[in-house]
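Input: one structure, supplied below.
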Amino acid sequence: MNQLVYLVPLFPLIGFLINGLGRKSLSKSLIGVIGSGTILASFIVSLVLFFNVKNNGAVVVDYFNFINIDSLKISFAFQIDALSSLFLLIITGVGFLIHVYSTAYMQDEEPQHYGRYFAYLNLFVFSMLLLVMGANYVIMFIGWEGVGLCSYLLIGFWFKNDNYNYAAKKAFVMNRIGDLGFLLAVFWLIAKLGTANYADVFAHASSLTPFDVTAITLLLFVGAMGKSAQIPLYTWLPDAMAGPTPVSALIHAATMVTAGIYMIARSNVLYSMSAVTMNVVAIIGLVTALFSATIALKQNDIKKVLAYSTVSQLGYMFLGLGVGAYTGAVFHVMTHAFFKALLFLGAGSVIHAMHHEQDIRKMGGLKKHLPITHLTFLIGCIAISGIPPFSGFFSKDEILAAAFAKNPVYWGLGVAGAAMTAFYMFRLYATTFLGTFRGTHDQEHHLHESPSAMTIPLMVLALLSVVGGFVGVPEILGGHHELHGFLSSVLTTEVAHESSKNTEYVLMGISVAIAAIAIIFAINKFSKKPELQDAQGFGKVLENKWYVDELYDTFFVKTTLAKAKFLKDIIEKNVIDGAVNGVGKLVNYSSRQLRLIQSGQVGNYILFMVLAIVVVILLWVNDNHLYQYISKLF
Amino acid sequence: MSAIQILFWFLSGLALVSAIMVLISKNPVHSVLWLVMVFFAISGHYILMNAQFLAIVNLIVYAGAIMVLFLFVIMLMNLDKTSDPQKNWWMKLAGVISGGCLLMEMATLVRQAAEMKEKTVMMKEGSIGLIGNLGKLLFSDYVVPFEISSVLFLSAMVGAVVIGKKN
Amino acid sequence: MNAIIFSALAGVVMMFSGIFTKNTSIITNVARVALAVLIAVNLLDTYGGWMIAVDTKNLLSFNKFGFFFNTILFVATFLFFVLSGRDIEKVGSYTAEYYALIFFSLCGIAVLTSFNNLLMMFLGVEIMSIPLYILTGADKKNLKSNEASLKYFLMGSFSTGIMLMGITLVYGATGNFNLPPISSAVTGAVVSDSIIGPLGLLLIFVSLCFKVSAAPFHFWTPDVYDGAPSVFTSFMATIIKAAGFFAFIKLFEERSSDLRVSWKIIMPVIIIATLLAGNITAVFQQSVKRMLAYSSIAQAGFMLFVVYANNNSIGKEGILLYAAAYSLATIGIFAILIRMKDYTFNGYNGLAKKEPFIAAVNTILLLSLAGIPLTAGFFAKYYMLAAAINAGGKSVLWLVVIAVLFAAVSVYYYFRVIQAMYFKEGDAEVENVNNRFKFGLLIIAALIISIGILPSVLLNWFYF
Amino acid sequence: MGASSLIVLFFAAIAFSVGGISIAKIFVKGVKNPQKGQAYECGIPATGSPWHQFNVGYYLFALIFLIFDVELVFMYPWAVVVKQTGLTALIEILIFIFILFMGFLYAHKKGALKWM
């Protein structure tokens, strides 16, 4: 069975090579087929592996010695256990749907850009698979960097537009800052434990001092913050919407942003050892959730709303991790992948129909023109708001229950966040689909439902969003939590203390009720008169994203640029150049002077000779204290 | 101050004075003649040190052959008083100063030297200078340098031809 | 002993060959044959073969190091004859006499490599130098050559005077002409009060510095090398300088401790001065010949390291390697320089297009002088510095650093020639380039590269 | 007598002759005029300066004379000890003379000895 393991990443790699190299020569359809086909193939192999893991447990395949420096041995090995096989399924599954979707969405690109797009997409899936399948932190880091690179390439896909490039650069820099934290943590681990393999690290984890554990986990969390866009390093995700919508769906909703959660879930043994970090993760997750939810309320670009909603949902997942509900967080990752991908693809088909118009104030009343998109988008909104029986309800509820068990205040804020989520989602839904059409005439004239290649993935994802929840129905609602059972082999779920049955019901009831109220209020508010003009007062603050970008610019970007300019102008120009040219001039000058001594008269020469002899004898006569003097000098 | 010491100081004085006169005299012929006087003084020294053969050889070879050569060269170059280039005075001054320093340095060093502490010139001892011993030594121990110096003469001969002969 | 006798005989043969035949090419070939015989005899001598038994009464002592040094210098002269034979004939009408004088100076070198007594050292230096005074003035029509020869003669006799003064003082201190016995410093008690002996040694040191054109005493070198006919300059700059260094090493191998600690002050001062004078003034030269003159001073700076490192095996190997590498390279470069119409840097413009082969060989030789790896020059410089560090330990480190810096400066003016040849357009002209000349250059380039890659090729020869 | 008396005798002779000339120079107030410089009674009046450039042959001859003069000087001690040193010294001096004879032959063949 384990011969198949290497096939999973190999297929996307082959796809990348073929599309990448042949992008000019292959036809569009062929590229599309190759691109999606390789992902489908690895999805099938992942399925096989999933059932193998389900039946006869985890498997670690070691291929060759990647790094071999005396005592440090890092092997290129894959580890397929419950957690990674689940992620494999999510990545390849959702990935495949998005690939099919983008064959249609990117139809009007020229052939070679089309090929380049699919090559980057395949490369992304390859690195994501590497990240997830790696058996030690170093292989994970390779994947970690690979996805960072691909996100940079794909965000800046339309490189002719400068601010897309700027957005790509911003994303890359922010990720790199996070990667630095991750790298330091890995070095720390290797320094302390001499190995990076998960198995060995978790086995010897107890030998680490509390300070080490906290430091490593915090640094790993910094990496996660960079990659999964948490509070300080989140500003790149909204700007990343510059990339094509399927890219946003795949990378900035389903897979890459979940890397951080996967990493923390994978090293749950370390995290559960340090309570300090757990609190930090929980608090940052919660703050991010609320903060970005508030911003989403006032955004007018369809993709920006979804981006901020992703940041807030990620906040929830980190909240889940912070309070120890690892399975809950992973469950939320899965369900979030489904409905967020669905919402993004829906938004994509709306944009596709509206000829790249993204401002919801210029849309409205699309219900009639895009029936399938409207229906699937509605399902997505309901799922994300956490209305039973949709999948969002089960995963979010599990996190909120664990949060309540940990600390009721977390639960309260969490529910407020959920309410806001419901509100802005249905604000978005109402403004775009309900009410009257506010676009230009010819836009209205061209409004048509997206081709089947786009609608089928929407329908599949909609189905998954609905069905996805039943995997983890909690006991109190009658189901037995298969996912929990499946993942328990990897994740040590330490649910604090089981609160009584009826409190559970009460909590669920309250959260669902609040969400429902928010939905109804949003629908009838925005279907009749959507907000068209710019917001004033506090709304304005929200619309401008609390001016966080401007804050970063003034504090970090401007100061570093100023420093760089200083170094360039002052240090570089006169100190270093000056020194180098100075030496050249010195040699030239002294050479001219020395030349004059060579006067040509023998008299001079003998004079110099005699003087030299006098000096030599002088040196010889009082050589002792001269030597002491010199040896003191040197 | 026995007769020998008087003679020694007289000869040294003579040598020094005539050496200086060689430098100072304007007319090259005069300086050559003063040089001859220096050689006489040094031969005197040799005799004092019981090296009669060396004294005579010095007189014959130096005063005889080499001085004649110098005179011919001077005649050849038709040097007379006015023609030699007037060196600027500071060059002469520098020359005197540096020469003086060297002289002073050497003199003080040699004077302090342990071996030379109280001895004056070893007068009239040592028989190495006598022609008999010298000959014996030359043809027994120092044969090799004797033969090799012949090479020196050959190269001098070739040199004379190369430079002297007008082809 | 063979080398001395046979070189003198060869000289005589050359003298009379001038009389019997007027055809210069025959004379050149006779000279080459004579030199080949001389090399053969010397090799015989080295490997214990037939040796004319002469009781040298401890005035001369023959050891493998001396013989091997002879061989290197004789082979270098042989290549010099092969390459620049034609040009010697062009200098003046006394071709045979020039060869005779060269052989006599080789005889002087043979004496110098085996002296064991100050008298013999003086004789060796004289026999080596006097023919050179004449060779410098060989081109009687050219005023510069006469001026150079007179200068060389005056300075040479001045330095010989000082050497004799030194020898007499040493004789005064030690009572005999044998190499001043290794001061008891080596055996512990430092002879502190003896002044005459070390002073004499110092004076000899000064005159040898002159002979080898070390810094404060190098002033004669540029004028003499520039004035003399290029053919003899290349002979003087390489073989005579190397022999000078050999005498330097042989005399100061163990005796440097006589000068007590001042050796550690005087030597670095001289080395730095030499490197400074040689490299810095070379930077600004317009004529390649004068630049090569200064570069020979700079190379002397490097060779001084061996003297500073007094006796250690690396030093011995180093000087062998340096003599070979430096002589071969300079002979080759001069051979090309002589055949150039214009000696200035502009004269070399565009040589690569006109004569690619010659330009290539010239580049290899220049690289070797600059000490770029894969050429003999690199290992030579490496051994020099290694010897210094091996002997001097950490205190010598700063000196080595300075040397390397000056080597970097030297790269500048060596590469100016290469730049002129390859990157500048121009009408560089090289006269009568025939196949034999190219073949000779090829041999030299091959030797330089082979020694560069495998220095042990040369050095093993020395050990077994 | 001894060496020192020899020197005294030698310098007395010089002093005697120089004394005579200098006394004449000091006390005689000779008047110098061009006529006095004329040829005594008859002869072509001297024109130009007495200095005239010597022929290079003189220089050549002086050089060769010097070489053979030194050769002779080396033979002198040989002559003194020829009885004690016997055969070896003879061979040595013969070699020496032979080499220099080579030199002489060379000079002769090269025409160095021909007087212009």
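Just so it is clear, A, B, C and D label the chains in written order, and each chain counts residues from 1 on its own.
Here is the rule we use: a contact is a pair of C-beta atoms (placed from the backbone, for glycine too) under 8 Å apart; a residue touches a chain by one contact, two chains touch by 3 or more.
Given the structure is predicted, the values throughout are model-derived calculations rather than measurements.
Colleague: Can you check which chain pair, B-D or A-C, has more C-beta pairs in contact?
Modeller: Counting C-beta pairs in contact for B-D and A-C gives the edge to B-D.
Colleague: Per the centroid of Cα atoms for each chain, what is the distance between subunit B and subunit D, given in Å?
Modeller: Averaging C-alpha atoms per chain gives centres 17 Å apart.
Colleague: If you average the CA atoms of subunit A and of subunit C, how many Å lie between those two points?
Modeller: Centres of subunit A and subunit C (C-alpha means) sit 71 Å apart.
Colleague: Just give me the whole-number Å value for how far the CA centre of subunit B lies from that of subunit C.
Modeller: Centres of subunit B and subunit C (C-alpha means) sit 31 Å apart.
Colleague: Could you grab the centroid distance between subunit C and subunit D? Build each centroid from C-alpha atoms only and quote it in angstrom.
Modeller: Once rounded, the distance between the two centres reads 40 Å.
Colleague: Two-or-more-chain contact residues of subunit B, please, as numbers and ranges.
Modeller: 106, 109, 143, 151, 154, 156, 158, 161
Colleague: Which subunit D residues touch at least two other chains?
Modeller: Those would be 99, 102, 106, 110.
Colleague: Do you know which subunit A residues sit against two or more other chains?
Modeller: In subunit A, residues 604, 611, 613, 617 touch at least two other chains, as defined above.
Colleague: Graph of touching chains, which shape: line, ring, star, complete, other?
Modeller: If you draw each chain as a dot and join those that touch, the picture is no line, ring, star or complete graph.
Colleague: Mind listing each pair of touching chains for me?
Modeller: Result for touching pairs of chains: A-B, A-C, B-C, B-D, C-D.
Colleague: Using the touch rule from the top, collect the residues of subunit B that touch subunit D in their complex.
Modeller: 3-4, 7, 11, 44, 47-48, 50, 52-53, 57, 60-61, 64-66, 68-69, 72-73, 75-78, 80, 124, 131-132, 134-136, 138-140, 143, 146-147, 150-151, 153-154, 156-158, 160-161, 164-166
Colleague: Write out the stretch or stretches of subunit A touching subunit C in their complex.
Modeller: For this pair, the touching residues of subunit A are 587-588, 590-592, 594-595, 597-598, 600, 602, 604-606, 608-609, 611-613, 615-617, 619-620, 623-624, 626-627, 630-631, 634.
Colleague: State the interface residues of subunit B toward subunit C in the complex, per the touch definition above.
Modeller: By the definition above, subunit B touches subunit C via 106, 109-110, 112-116, 141-145, 148-149, 151-152, 154-156, 158-159, 161-163, 167.
Colleague: Using the touch definition up top, name the residues of subunit C that touch subunit D in the complex.
Modeller: 8, 12, 15-16, 18-19
Colleague: Applying the document's contact rule, which stretches of subunit C touch subunit B when the two form their complex?
Modeller: Result: residues 4, 8, 11-12, 15, 54, 56-57, 59-60, 92-94, 97-98, 100-101, 104-105, 107-108, 111, 119-120, 123, 126-127, 130-131, 133-134, 137-138, 140, 169, 172-173, 193-196, 199 of subunit C touch subunit B.
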